[in-house]
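Look at the two complexes coming up: chain A is in both, with chain B in one and chain C in the other.
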Partner chain A sequence: MAVNRWVATGNFFSSYQEEQRIFITHTDRLIFCVAVTLLFIWPLVFELSNKFMLVIDNTLIAIVAIYGLNLVTGFAGLISIGHAAFVGVGAYTVASFATVLGDRHLLITHGWPLMIVIAGFVGAGFGAFVGLPALRLKHLYLAIATLSFQMIFQWVINFMTFFDQGQTIPVGRVFWFTGRIVRRQHYLFWYYVILVLVVVLGFAVRNLLRTRYGRCLVAVRDNDRAADAMGMHPGFTKVYAFALAGFFAGVAGALHAYLYRGVGIESFTLHQSITYLAMAIVGGLGTVVGSLCGPAAIQALDLAVESLAEHAGALLPAALNLSTALRPLSFGLVIVLFLMFEPRGIANWWRIIRSYVKLWPFRY
Partner chain B sequence: MSYFFQLVVSGIVVGSIYALSALGFVLIYKSSRVLNIAHGQIIAAGAFITYAFTVFVGVPIILSFFISLVLTFFLAMSVERIFLRRLIGEPIISVIMVTIGLMSILDGLIYLTPFGTENFSFPEFLPKTPISIGGVSISWTQLVGVIITFVLIGGFSWFFKKSTVGISMRAVSDDQLASMSIGISVPRVFGLAWATAGLSAAAAGSIIGNITGLNFDTLHAFGIIVFPVVILGGLDSIAGAIVAGIIMGLIQQFAAGYLDGNWGLNGTADVMPYIILLIILLFKPHGLFGIHEIERV
Partner chain C sequence: MNAKRYFSMTTIFAAALSLVFSCGQQQAQQKQIAQAQKEARVYKIGLSLAITGPTSDAGNPYSKGVEDYLRFVNEEKLLGDDKIEYMIRDDQYKTDVTKRNFEDFLTEGMVFYLNYSTGSTLGLKKDFEEEKMPVVPASFHAGNLVDSNYIFLPIVSYSSQMIGLSDFLVSNHTGGTPKVAMFIHPSAFGRGPVEDTKNAVTAGLKMDIVEVVEHGKDLDNTAMLKRLLSKKVRYVLCHTVQSPVATLLKDAQRLGVIAQRFGESGKLTFLGVHYTGGNDLIALAGSAAENFYWSTSYTLTSEAGSGTLAQLALAKRYGRDDKAANSHNYTNGVMVAQIAVEAIRRAKARGVAVNRANLYQELLGMNGYNAFYPLTTVGPVSYSATDKEGVDTLQIYRVQQGVFKRVGAPFVSEFTKKVM
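Right after this comes the complex of A and B.
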């Protein structure tokens, strides 16, 4: 049946292929292309300060990490309270190479795409190991397993001399075809690298969810016994989900190491893990759109809290460090309020707006 | 040899306090199947309230200890009432994530007070000279702390075994539907479970605060150690929590006493519980005393 794929007002699928499409309508595809083009062009049009660019880059790295967290928490239904530790594994993979080879070794500066991939696989290995209890256990225990991985990770970094006891380990500047990336171009260069990765990995996640394994994941989350009866192996599915989450986290960690040109423990603590969880929940668990909205929203909230603390700090006694207090407070409130009143997150608002526009001028 | 016994004594001191704090955690899990990630913050809050009443208000320490117990009782009860009551029936994963959010909120609230960043120590109210028997010494604070802990653990055990409220809690943990049908108000039992957990957490926090001094990071770390303790003991066993608490205290002291300083290791007491936790999850996930869940996934 020839359906007008520009102004389709509803879903009229007549085959599985149609349902499995990444973009349902041409309009979706158009919006996506325009958005990506704008994202690529706008840093060239506007003059941006390094500080602002750093915030943007940070958000994009968080998006990569949240893809992974969303796979494990949103699609597989397992809580991970140790995601920052997995990101840290990626970052410290790069840092270990830098410590052993020297931070200006060819592999670090020229072979950075390879380093990012290696960090991803190391993260995947750790993820699979921590996920191993999933072969026998349900989600409650896995939350505790990830928490204990977080604590062990922090201890290893803080007490091992190899990792400089949590002090910053420097990572050298990278080279591109045009030569060494100097300070002025640094954030812009990484903006483009991370943006490409965000788009590519976003497609990878979206695609994964329509493969056999992706549907396994959702089936195991919704009812593991039924999934088992249909011939899937719930345990291995979950371990694999942890490994995938570890991969995304490792990639994000390597990017973090290169962006800050150094690795220190303070970016991979339990607080950061909770921040990641807040991003996933606010964005909307179990959606790709949510992985994009969540980090942006939390980063915006973070900036707002920072400026509020700065303004209020002038009125209050200096001993009181308001921003250390307001950060966990606001993140915690956001987690709790979203879970109570909008468990499907910002992605749900996006869905509502989209269906409204699609059906306009009709109500339903 | 006296070094060994010294470690055993201090292990039992710390371990019994672990047992007391794990008790409340297990109680919440048993009655409502919720993992309370925010338990460490409640422990810290209890300790800070005791200190605030003792030093800032000037109440005798025994009295402020009881005030802290009462306040934390109501704090935990209202947490349940405000945040968790309306999530009854939601998937358990979102309830656990709410407690993670609560942890963050309580963190923020504690950072707003001076306790978040500064160190305090309780005023001395017991003789300073430690008691020593055959080379093994124990300070008065530790001794009194252990005695109070064991009295409280005994009290809680009696409460679960004999009192009507305790029996109704056990009934709810066994079968919610059946206990509803014989007239137990399940939401009320949930509230009471949280309140009792808050009470035991505050007691544990105040005692450990007296022994080690008040520092939010230490108390927070102390709170997270309930996870290895309850996993070792079995998530749903109160006896298991008590035994595992003492075992965990001993393990920590032995690690600190024999591993630190050798082979370039340091601070092993902080990491040992979590390594044991991961090993137990892999090989004996129901712990020492937990119910063997037949369902495997």
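Right after this comes the complex of A and C.
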């Protein structure tokens, strides 16, 4: 154990417990506390427009979803191309309650924390079910199984009148201790709710990875036969990896339903699944930091390109089509560049910066 | 040396004087401009639509129509010194992005909103209600009007169009009850009018709906066409977008089953509502589009008139290509922009503030003698608190020698009144 807990410059662990600490140094803890405090305080100081609050809320929801995707794909090594469908399961759980009980029923408007938890568990149930093929399938074959779930989900929603055939099912405004959350407060209110969940679920993921269940995920990813020989159950591990991913996705879906005050199939298509995968890759698979950075980077890129396209369109009205094509083009390009030059994602940049600061002024 | 110094001093003095003078002039000019700006107002109109992505074939000319007309209004000072600031954003047919654009437009101070897709119109319906924002979408889905006060369809709904087309079919059919199949888009957009058409049949429209087919992404419809013929179907009512209809027509042509005259026995007569037709269909289907019957409430450039000539002149003025200039989606875009401008013009004429509440009232007042007559539609735009479908009349067109030609006069089906 380092003598100085503020500036530990090497590995001085004398027990597994020390190595498994969430914050290795006091500096790490301080940085985390300051960052979280800033995240809670800044909306009270700087007033952002609804557009940007919506973007930020959406990014935070994507972070919750990517926590789950990172568990199943990053930590457990099981490719999932149907993550948007799992998010959709959560959203449609809320929508189903709204359809049956009415979108202004107490359970929807007052019991929304319970609804979010229920959506998470329904997502986990679907995740476990879809994870069953993982007992027999691997790699691309498993990816196709998750893809088929995505397709089945879209078809069911588009077909069933109960789900209004994919049209938007409204979800009522929620209540807080201060009363009904009106339009003016809506985005700020959900910012705080989602931020709390991002922090709590982030700790949950970090803690999970410190437990035997979390280490099982990594062991099965690295070599499932070796994990089996070591006494782990690869099949069970794969199924609960999907269940956990489904839980996070379900929670994200419920938050999406409440934020947008409605659920429509357009938000849970294959394209969105691929976007989630891109967020996980760009952020860095198999890292908690990557789950935070990926969604933020993709959303920022989207906004930047949108702004660029608009300016290009204003300067060259005739070239509007060309300028709007920048969005899908830049999106694809970024993913390819990351895969080629930084497959470990933005999280690796964070790791490099941390080690540089930790070792400063020495280079090695 | 003294003379030199005197000369240079004089030059500097003159330069300083001219600088001060020009600054003074500039200030005076700026004051004048500021004064003019104080008097002239700017009204903001937002449009979020699919310029790229799904349905952009319709969205692209639509956005050009809106943009061109609003530019024209500003340049020709149709609102006097007041200007319209139009914000047109691509949402790639994604409701999430539409919502983001809408929120941004609100922050910018938008007074009138033009939306696009069925999904986003339904998705943002509650926002429109809360914001009391008058909205004209490009979607004519009847469901847009359910539990809504602020959504105004530019023309009759898809359901009303389908009923009108069915009424035309029944009126022109000879020999017993016609057997009909419906070929629809596999979505809420496509399914919407099916129930209403069945209700029209229940209400007395004498036709037999034998089958409702939801098309997929099939590249071959041979089996389906053979099946329909085996069931003695004579008419196929289409409600989808152009490309599946073009595939269907090409297959029918290959099999030699397209009726050469309306309701020909043993053959199929194809009919479709607004988004199935237009020049894009002819471009996609080629000669197979011949004898396709199509309903819309817009005038077409293939039938010269004052409205269509004005439309072509507008497109030419802003350098649009022939495809965009002749597109009914361009006409559609021009027309919804006309509605917004007309509401603003009326509010100004009444001397009330141009804001959401007053523009909403102006729209509600567009009826009777106050109905709005754009030149690009086959009837007037009329709205009221109980009628949110703009142009009520329908015009049937038929493809003849590669262009859409008018069939009969504009009409309103009696069954539309009964069912809708």
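Rule of thumb we're sticking to: the second predicted complex is superposed on the first by the 346 of 364 C-alpha atoms of A that agree within 3 Å, B and C clash if a C-alpha of one lies under 4 Å from a C-alpha of the other, contacts with A are read in each partner's own complex, and residues count from 1 in each chain.
In this section, a residue touches a chain if its C-beta (ideal position, glycine included) is under 8 Å from a C-beta of that chain, and two chains touch if they have at least 3 such contacts.
All of these numbers come straight from a predicted model, not from anything done at the bench.
In the superposition on chain A, contact is made by A:G262 with chain C only, not with chain B. Of the two partner chains placed by the overlay, only chain C lies in contact with A:N50; chain B stays clear of it.
Touch criterion met: A:R183 reaches chain C, while chain B stays clear of it. By the document's definition of touching, both partners, chain B and chain C, reach A:P328.
Applying the stated contact rule after C-alpha superposition, one finds that A:G166 touches chain C and leaves chain B untouched. Within the superposed three-chain model, A:D224 lies in touch with chain B and out of touch with chain C [touch as defined at top].
In the superposition on chain A, no contact is made by A:V117 with either chain B or chain C. In the superposition on chain A, A:P133 contacts chain B only, with no contact to chain C.
Which of chain B and chain C touches more residues of chain A is settled by the count: it is B. With both structures placed on the common chain, the touch criterion links A:N158 to chain B and to chain C. Comparing which residues of chain A touch chain B with which touch chain C, the overlap comprises 158, 320-321, 324-325, 327-328.
Chain A meets chain B in the complex at residues 73, 77, 79, 81, 130, 132-133, 136-141, 143-145, 147-149, 151-152, 155-156, 158-159, 161, 224-225, 228, 234-235, 271, 274, 277-278, 281, 319-321, 324-336, 339-340, 343. Chain C contributes residues 51-52, 60, 63, 67, 89-90, 92-96, 99-101, 103-104, 106-107, 118-119, 122-123, 125-127, 130-131, 143, 186-188, 191, 319 to its touches with chain A in the complex. For chain B in complex with chain A, the residues that touch the partner chain are 33, 35, 37, 83, 86-87, 90, 92-94, 96-98, 100-109, 111-112, 114, 116-117, 224, 227-228, 231, 235, 264-267, 270-271, 274-275, 277-278, 281-282, 285, 296-297.
Contact residues of chain A toward chain C in the complex are 49-51, 54-55, 58, 158, 164-168, 170, 183, 260-262, 264, 266-267, 309-310, 317-318, 320-321, 324-325, 327-328.
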